[in-house]
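Every chain is named by a letter (A, B, C and D) in the order it is written, and numbering of its residues begins at 1.
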Amino acid sequence: MSVEKRFQGRVEIVRFESAVLRGNPAGDPHERRIPVYLPPSYDREPARRYPLLLALAGFTGRGRMLLNDNPWSPSLDDRCDALIAAGAPEMIVVMPDCLTRFGGSQYLDSTATGRYETHLIEELVPWADGTFRTLAAREHRGIAGKSSGGFGALRLGMRHPDVFGALACHSGDMLFEYCYRVDFPKACAVLQAAGGVRRFLDAFEARPQKSKDDFLTLNIVGMAACYSPDPAAELGVGLPFDLATGLPRDDVFARWLAFDPLRLLPAHAEALRSLRLLYLDCGTQDEFHLHHGARAFTAELTRLGIAHRYEEYADGHMNVSYRYDQSLPALARALAG
Amino acid sequence: MSVEKRFQGRVEIVRFESAVLRGNPAGDPHERRIPVYLPPSYDREPARRYPLLLALAGFTGRGRMLLNDNPWSPSLDDRCDALIAAGAPEMIVVMPDCLTRFGGSQYLDSTATGRYETHLIEELVPWADGTFRTLAAREHRGIAGKSSGGFGALRLGMRHPDVFGALACHSGDMLFEYCYRVDFPKACAVLQAAGGVRRFLDAFEARPQKSKDDFLTLNIVGMAACYSPDPAAELGVGLPFDLATGLPRDDVFARWLAFDPLRLLPAHAEALRSLRLLYLDCGTQDEFHLHHGARAFTAELTRLGIAHRYEEYADGHMNVSYRYDQSLPALARALAG
Amino acid sequence: MSVEKRFQGRVEIVRFESAVLRGNPAGDPHERRIPVYLPPSYDREPARRYPLLLALAGFTGRGRMLLNDNPWSPSLDDRCDALIAAGAPEMIVVMPDCLTRFGGSQYLDSTATGRYETHLIEELVPWADGTFRTLAAREHRGIAGKSSGGFGALRLGMRHPDVFGALACHSGDMLFEYCYRVDFPKACAVLQAAGGVRRFLDAFEARPQKSKDDFLTLNIVGMAACYSPDPAAELGVGLPFDLATGLPRDDVFARWLAFDPLRLLPAHAEALRSLRLLYLDCGTQDEFHLHHGARAFTAELTRLGIAHRYEEYADGHMNVSYRYDQSLPALARALAG
Amino acid sequence: MSVEKRFQGRVEIVRFESAVLRGNPAGDPHERRIPVYLPPSYDREPARRYPLLLALAGFTGRGRMLLNDNPWSPSLDDRCDALIAAGAPEMIVVMPDCLTRFGGSQYLDSTATGRYETHLIEELVPWADGTFRTLAAREHRGIAGKSSGGFGALRLGMRHPDVFGALACHSGDMLFEYCYRVDFPKACAVLQAAGGVRRFLDAFEARPQKSKDDFLTLNIVGMAACYSPDPAAELGVGLPFDLATGLPRDDVFARWLAFDPLRLLPAHAEALRSLRLLYLDCGTQDEFHLHHGARAFTAELTRLGIAHRYEEYADGHMNVSYRYDQSLPALARALAG
């Protein structure tokens, strides 16, 4: 994806000190390195203002990871350059870092991890508007992501229609009975063997090589930290199973379900209806079974007469950043208008 | 496992015509080939009577499969010979065939598969007592099995204390939220792609090579045929998810849970208490997470003061018939007493 | 595969005492249980004589394993019944047991395992002719097998045209550079970790659960016991790599190659040309890459103008006994003629 | 791995126009983006000069990939910062881009890929010395890498003792019979199915999701492009098997073996002896079996009395960049001296 120089944007990696995240309960840094993509004309046209996109990384990810190099899958900045060269409108793209010790934050406020939703909405967006030449209005502001980033984009788009005017959700977490609950028995067994959440995390961080079961377990611990934080529990994480008996805890899982986009939809139909673009897609072989959720979510959108664009494609959950080639131009056009 | 001639039992494979299974709804044969192991002294001592053990095969299995040859894992008859040579009391072992088109029957009566519990209790046990020189009393009659066979042994032992005086349950199905429900999203996707239960089964039977997903799906279809039969549904099988929307159906799964040994236990405590031997074991890496269930079940037995023997070992769910070397001598001693 | 009674053959499992195998170097039993399939009319027509087929099991197998029960893949006797019911000529099928402690014998004479080729040709065939009503002539005698059994059938058919008039080789071992050599580095590492051949075998036999690497290593040790026995080496097994340095030993592998059917072909072209049926097949996704060998072998047959039947099908190496439905009727017809 | 500001180096990503690579036969770009790590004191101490390290990426990699972000495995620049903060001497690190369409160049000159050895030795090292404040002498110049990068470091270190005074080879390609040849049958089958090298590569590049077999095959094609280029063959790549017959071509593989570090060693013993540091390591579960090669290589070093440091650790081939924490400080000390 070679691009002529006049179509090359540039990336600034900003060291951002967050007041919101200072002293967060997980002990994660409050200074974050946040990449900002400035489009090709940004330096040439100093009076011009641009739409702003927040691009959210998936679980175990952060903004910088969207820039990772791969010979056959362009980094997000290279991808933006190529799409703009091909005719897409220009955008500024901010790539937040909401990673936590637990593998992620789901871009929400939790007593176990920190106030990441507040950080994004009340701190990062105003900062971006104040620092870069954005078009500082919801019509020109979008949010997008994949997996946990897709969940974040969808949920924040629903909850903050005053902030975002368009969103794209790639393979986003939903239908939690399918995407998370299936991993409870294994995660429970791993945590029992490790001796609890704290010991698991300590050992996980110390192991140079992480296993498949490690990541499966971190995922469940991370979701528990976000969806069912419990100040009385170890590290503040309320688990959806009883570590002593191994039995599932439906009362805890009910707290998770309250965050499921499928269940959030009815209360946020008007917000979704107000979007300039509501884009969803999912692979039909998603290993987390997210296509079931995507179908149910978009079927409900259709039933409610909410305009949206939904695409399925023959692939799984991993290494599908090529799907941004579908969503980014559509977002750019919707936000430019 | 070479055994001297005087320690060699023999196997008769009986063609059994079942009146109970005639015209069963799944269209499976009512004539079955049922192996019967007659112990070493059976022909030499024509007046002697022996305890009777029913040995139940797992899902996709039937009695004859317990005789399958493997150079490093003796068939059940060779195993019996060796254990008797090592001092275990002699038993007659009947190996029922309760296989169905759906992969199994869970050894229960269902409108989708047939009356397999009735077949075993009212037909096969009396026939064995009438045909072979058994000690025809519950004190001398046992039931054992692995996986679905372990489920069958445990459930039938609980429900028919007048028939069975001892049981062994190896890696038996229980804690259905863990052992079955985790496979619903994948099974649902496979059935959707196949075009429903009938088309899936037809294609499954026609395919010379079966895949991992094939067996995962057959397992869920089979359990649905046993636990939630529904005359109004395709092939009489009520699925625990909606094939049209892909969403889980908790109402159907509630019918499954009514068969979970963990939930059956409280109502059958006295039956379990009355057993001469209640043996359970499970591998600590069981791929169906059955060790969680086994621990919860035996913890409840302990709480209720019900005598039992429980063992864990470092292995998974498959190829663990070597565990019969633990249960069979214990059963033989309990039933001989 | 239900079959009417008049189409049902029967199986005798004979305890055969082998003079040839007595005192074999591997310490394996010289008494073997050998299944013999007698066709439906055998008891009804006491004067009638039948062709004889030797059916050879694959590595880690023996004759009895061909009778193993599987709900969706008939045992060899059930398969014979069904094929005869569908019109195939009747045959007697003898299923030898040439298993060794090393997992197999490749049906050849070796100083490490024993004289299995001699056992088959000079002992078992004459015994079958003397015991059952066979048509005792090469025109009416065939040999067939899969994997190592296919290798055995092909090699013995080449070497003993006076004994066999037809053969079928399913997924037979050949092109040893591809089917064996690729596993040398892993087998070497496993043997190094185990502390040599003897300790590996002892530990292998003691382990209730065998791993994938266990079987990979047993396969290489077994082939070394057959193709490169070495009285000076541990257990008489000359390994194709140096256990001390880990480096490959081409001089040893050259001994293996001398047994490769591809290399045997030129010297045995006339024997192959004399066959009434020379059947080969292989799956196009064979995990041991045997389709490469099958193609090379049959290309050479074609070049030499040697009549044969070769089929490929879309499957791997395991669980392909359904292919006997192709070879058995063809063999039966060729041997009946 | 948080580091105080005074211990933070910085990375420049230089767009380097290579005269050597211009018009390369594979059609790859001759302009490359090459990251250069400048250590913490570089800007503060403008008269100071530093050792230079070339860090070579593995197959399918290029310099920028060494900077990829991962929450639990620091990028190479973060790793350098942390090691320097912990007391290691400072170095300049140049991260070449020698990627080709074939997945790599093995850092050597080939008529199929281009002159990558020449590019590194005659172009990139002089440019680095001319552009940055290096200590421009072999005593202060090192080369390191992992996998194909380890091969490159070891081979170039052997061949250019005038250029490099120290090297580190992590899990480097060697003992080609084990690390490459085992994949020939599968690669051959994939290429046959694809219709040759060109069609395979075209389809590979077009597929958004690459499979395990894709990468296995690309690896063999890439090595063939480097070790056995053949102007008469498709895309100039001489394959070590015959695509028509599927048979191995030992004559071609002999050309590969001429590049095997194990076979290069005897002729380059003096160069290796002259190094200030010769570091090798390998995981004991390397999926490419490279520990066999590493042991043989270092055993020969020991036999020849060549000083070296060799470490084994319990891990496989992937995600082992944490091993740079061992080699980099040792290299820095050796080159600083």
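By our rule, contacts are C-beta pairs under 8 Å (C-beta built on N, C-alpha and C of every residue); 3 or more make two chains touch, one makes a residue touch a chain.
Model, not experiment: these values are computed from the prediction.
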- Label-sorted list of chains bordering both chain A and chain B is none
- Task: Please decide if copies chain B and chain C contact each other with the same set of residue positions, more than half shared, or with different positions, and reply same or different.
- Result: same
- Message: Averaging over Cα atoms per chain, report the distance between chain C and chain D in Å.
- Response: 46
- Chain centre separation (chain A, chain C; CA means) in Å: 57
- Task: Mind checking the centre-to-centre distance between chain B and chain C? Centres are C-alpha means, answer in whole Å.
- Result: 35
- Query: Pairs of chains that touch, anyone?
  - Reply: A-B, A-D, B-C, C-D
- Item | Touching residues on chain B, where the partner in the complex is chain C | 2, 29, 60-62, 64-65, 67-72, 99, 103, 205, 208-210, 315-316, 319-320, 322
- Which residues of chain B touch chain A in the complex? 175, 177-178, 181-186, 188-189, 245-248, 289, 291-292, 295-296, 299
